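The structures considered in this document are given below.
Consider the two complexes below, in which subunit A is the common component and subunit B and subunit C are the respective partners.
Entry: the complex of A and B
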């Protein structure tokens, strides 16, 4: 009985609508939370896992990667392909390092696996591209990203 | 002998074990499933006892003993996992790791390394060594194929022992002493053994690496598929390691009936020959004098039409087929069916340069019965014209094993210098071409006949005499349990086959004979019927032209069409001669070289790693292989092409 009276009261005096409008009015007076992407960009959090980068070795001449293939082995998405060869001085050289971002799940296991911390992740999250080819990051492209985020240092 | 076969009982880790007296603790433990870590111990090498990793404790003993080199005594109680043993292993590991570099990420052995595995299982976890590690310039080439990283070496001496005991080439040694010890090629020697690759496989760490595999792949990235080495008549068992459609390396797969777990370098590093970007990928048909790439449909239709026309115009006798001693038995069988059944010709052989029939006759006459294990049991060995060191390297290791471990007397008769002459009790040289006289003289000598004057003059010119042969026979003690090894390419006519048969019969009932083929399937091509006069299973049939006869007939244009299954590297001249007169030359080829490029229809073939097939080795052991790669482009296994042509010829 009481419930039915209460429902009738609410219906007649538009109580629910009033409550909703009150929330709207309150929000109107608060500062806006929507970011105007891409004009406005979010500041990345520390440790955020974005695009990969390759650091340079201590000489600064070439990539730090030693071609052990552990990132390739640990990658759950099969996104990394490392091909190595023997250099002129019988040393191991990385003839090709390829990261397929179309497969990458940004788990960061490759970074954990790397014994020389050659591969790192940057806060870079804008990865859209217009062709599949652009999603393949070669050693040279990764080193360039490293230069951008780590200032070319080891 | 009675002492040897006596059984003893002891206890290892609380489990009772009964083994023959004289068994080492390590082997006894293995027999009941207890694994003891080792570095220097290898079941096929002598015991060195130098790494000390296999220390175990014996109840009542004063200190741990090495399990690999201590005989199990009756009634003793052995422990393999007491705190003392574990402590000993930890200390051995710590000592080994003092000078071992931490370069596992770039070491090719990483992932299949005994040191890595044992460090993980038994190592101390941390090192107390804070001084500088021993450093060497790395790596140093031991040969064109093998490189040595001295700082990775743990001086187990497996490689040295292999060279001393198995290949008996003795090229490797330990130089310097104590902490400066290092493996090196012995002074004034070159590490050019045809078995050098085995040392890389034996190396428990990454000290020895091969140039063909160095830094190319990590062990865990590769698929491992069993296969048969296709590069000589031995047919050794191999593991083929592939990564993304490429063969990376061959590893030995122990097969006591063939290879004893070893491989020769020709087999181990031969896979480079099969690859390359030069491969033929599309069928080619000659149009207006030029080879043009066409579809398979068109190529096969052209082949069918031209073969049909050749038969109807000139008769079946004007068509011939050449199988191959390097192709599988299935392919050879299909080729002889194409020629004999579909085209009703008898002109089938397995080589352009040699008549395949006499060796087939020899097999049909019951020669070629030996197995590799016969050599381990033989009382003596007679080798005629054979040079296994060059043509059947794994057989060479078998023979050396017999000489070294059993002092089996060998009597070699050869026209060229061979390595086996060094191991022979007696070795004689004959002049090439005088084989028939030699066989007659040998048979007369075995039978102790006096009648040999008629052919002795022939042999005298080659420096052989009855006296020398008598002496050889006496010193080698040839008798009923002799293995006679005959180079199959000496059997150029039927007379020689019957002479060999007579010789073996004269030896006695138990003698076994081996025909040594230098091709992967010389035996199988013949039993598959790709020879004049024999159907599969060596059932006789009308005899057509042999390979060399077909070449002559084609040159004179009496043979009009020639179908070549698989070319050999030395038959380009024969192909060129046949080309001069033949109207139709059909061939399957991996590469487009001068000879295959002279064909009218060229089918892109699949390499031996890209198709299924059975290969019968020189000891008559048939072994099947499965494909490990895909053929490039539109290349197809030969068998499917021949089958399709046969099908279309029926319509």
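Entry: the complex of A and C
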């Protein structure tokens, strides 16, 4: 009986709707959680997987990559192309290293695979570009990003 | 004016209506061909396939290791659970043992994934029915989860976190503080959702008695997940065939009674509470230890070892370029994904690439019950029923 009276009371006075509206009103008075993106930027967490970067070797003169091609082999999206050649002192040089960001899925397998930790990932996530050419990252560009995030030294 | 015979026929004829594939409430690109008699649905024919990317075929051309990022793209809302389902199957194929800490991390992240999937479900389902606030609140909480994912794995959505034999990396220290903060906060937020819709009269009218599946029907259609448990069938793979660390944590399997949209909503909401419980237990029970198997065949060596040790370097090269040979044979293994039973059937020919992988996608199977649920109801209940079977087309079409 009491249950039915209570139910009738709730129905007539829109109790549950009132409670809901009270909640939304309370939330309205709290500070907003939405970030106004281009103006307010979130700081990415450490280890965030963003744009790649190439480290320099211990001499700081050239890239750290030894041209083993393991990142190319492990990449599930075929985004990396490594071409090696013979240098003036019969050493192996990386004549071309190209990362195609249009294919990359940012899985991070290349950085897990690299045996000398040459290729790394930075928290850089603003990668929009206006031409296809800008989405291809050559060795030089990757080294430059590495300098920005990890300093000039290896 | 007298009604001619042809006119009479036109009046009685059903109207065929195409809903989707570009429709905001079809949760992706589902196309429904509805037969309508006035406002009543008399027949419906779901036509999935608009998001087919040939995932199973793509997998045949990748090594076992390279397949992990592809599984992210199945049910793209809870990538953690897909990664887990796949690696559990591979580990079963090659009998790889996984260290305990990795098992706990997997359980923890899988439950976080379940929460993120259920929050999207709750938000979109409520939005379809007309409760917009719930959607905004649910996505607000999901943001915290995505932050946790980013801390743990480096990515917010396509995490590729589980590895064959373990996980990618151990959890960072500040992850634990953040995660404890989240599990403390989340039950309060669940109460807020309850305040908004649980007793709301509009919500009740739109969900009670709609899309009823009896327990018998649900089993016959092969439903799994919350869609099955809403009908009162107690079947949860986390209890029935425990994997990861689910046998070491304590949780209940919520069940519905009537098998309507409302009961499935209650079941999934209660599942979120249970997930929260599991997460807390995982955080409490986790002991320090390795996160990668010590099985010499398949363990990916540590970076420091690779740089110092010739054998590790050679092993790294083999694993990363073509993966180690797997035992010949076939294996089926299923895990409880947020949508239901996610199964991987792997046929191995002994090489580093699978010969064939078949994915049992819960969304696809659950969709088969959709015509049964919706026939006889009103046009407006169609969106309520799509929401309640909780499909993600990425997984359905593969």
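In this section, the second predicted complex is superposed on the first by the 140 of 154 C-alpha atoms of A that agree within 3 Å, B and C clash if a C-alpha of one lies under 4 Å from a C-alpha of the other, contacts with A are read in each partner's own complex, and residues count from 1 in each chain.
Basically, contacts are C-beta pairs under 8 Å (C-beta built on N, C-alpha and C of every residue); 3 or more make two chains touch, one makes a residue touch a chain.
Bear in mind the structure is a predicted one, so any value in this text is a computation, not a measurement.
Novice: Specify the outcome, clash or fit, for subunit B and subunit C once both structures are aligned onto subunit A.
Specialist: fit
Novice: So, does A:8 touch the first partner subunit B, the second partner subunit C, both, or neither?
Specialist: In the superposition, A:8 touches no partner, neither subunit B nor subunit C.
Novice: Who contacts more of subunit A, subunit B or subunit C?
Specialist: So, of the two partners, C touches more residues of subunit A.
Novice: Can A:73 be said to touch subunit B (first), subunit C (second), both, or neither?
Specialist: A:73: touches subunit B and subunit C.
Novice: Have a look at where A:129 lands relative to subunit B and subunit C in the superposition and call it first, second, both or neither.
Specialist: In the superposed model, A:129 contacts neither subunit B nor subunit C.
Novice: Quick one: is A:102 in contact with subunit B, with subunit C, with both, or with neither? Answer first, second, both or neither.
Specialist: Neither: A:102 stays clear of subunit B and subunit C.
Novice: Per the contact definition in the header, classify A:115: touching subunit B only (first), subunit C only (second), both, or neither.
Specialist: The answer is both, since A:115 touches subunit B and subunit C.
Novice: Could you say whether A:86 touches subunit B, subunit C, both of them, or neither, answering first, second, both or neither?
Specialist: first
Novice: Quick check on the superposed model: minimum Cα to Cα separation from subunit B to subunit C, whole Å please.
Specialist: 5
Novice: Which subunit A residues lie in the overlap of the subunit B contact set and the subunit C contact set?
Specialist: Of subunit A, residues 68, 70, 73, 115-116 contact subunit B in one complex and subunit C in the other.
Novice: Provide the residue numbers of subunit C that touch subunit A in the complex, in ascending order.
Specialist: By the definition above, subunit C touches subunit A via 62, 65-70, 133, 137, 140, 143, 147, 150-151, 153-155, 158, 160, 168-169, 172, 192, 195-197, 199-201, 300, 303, 306-307, 313, 316-317, 320-322.
Novice: Applying the document's contact rule, which stretches of subunit A touch subunit C when the two form their complex?
Specialist: Residue positions touching the partner: 11, 16-17, 19-20, 23-24, 27, 33, 44-49, 68, 70, 73-74, 76-77, 105-109, 112-113, 115-117, 121.
Novice: Can you list the residues on subunit A that touch subunit B in the complex?
Specialist: Answer in residue numbers: 66-70, 72-73, 84-86, 90, 92-93, 115-116.
Novice: Which subunit B residues qualify as touching subunit A in the complex?
Specialist: 105-106, 110, 138-139, 147, 211, 214-218, 220-221
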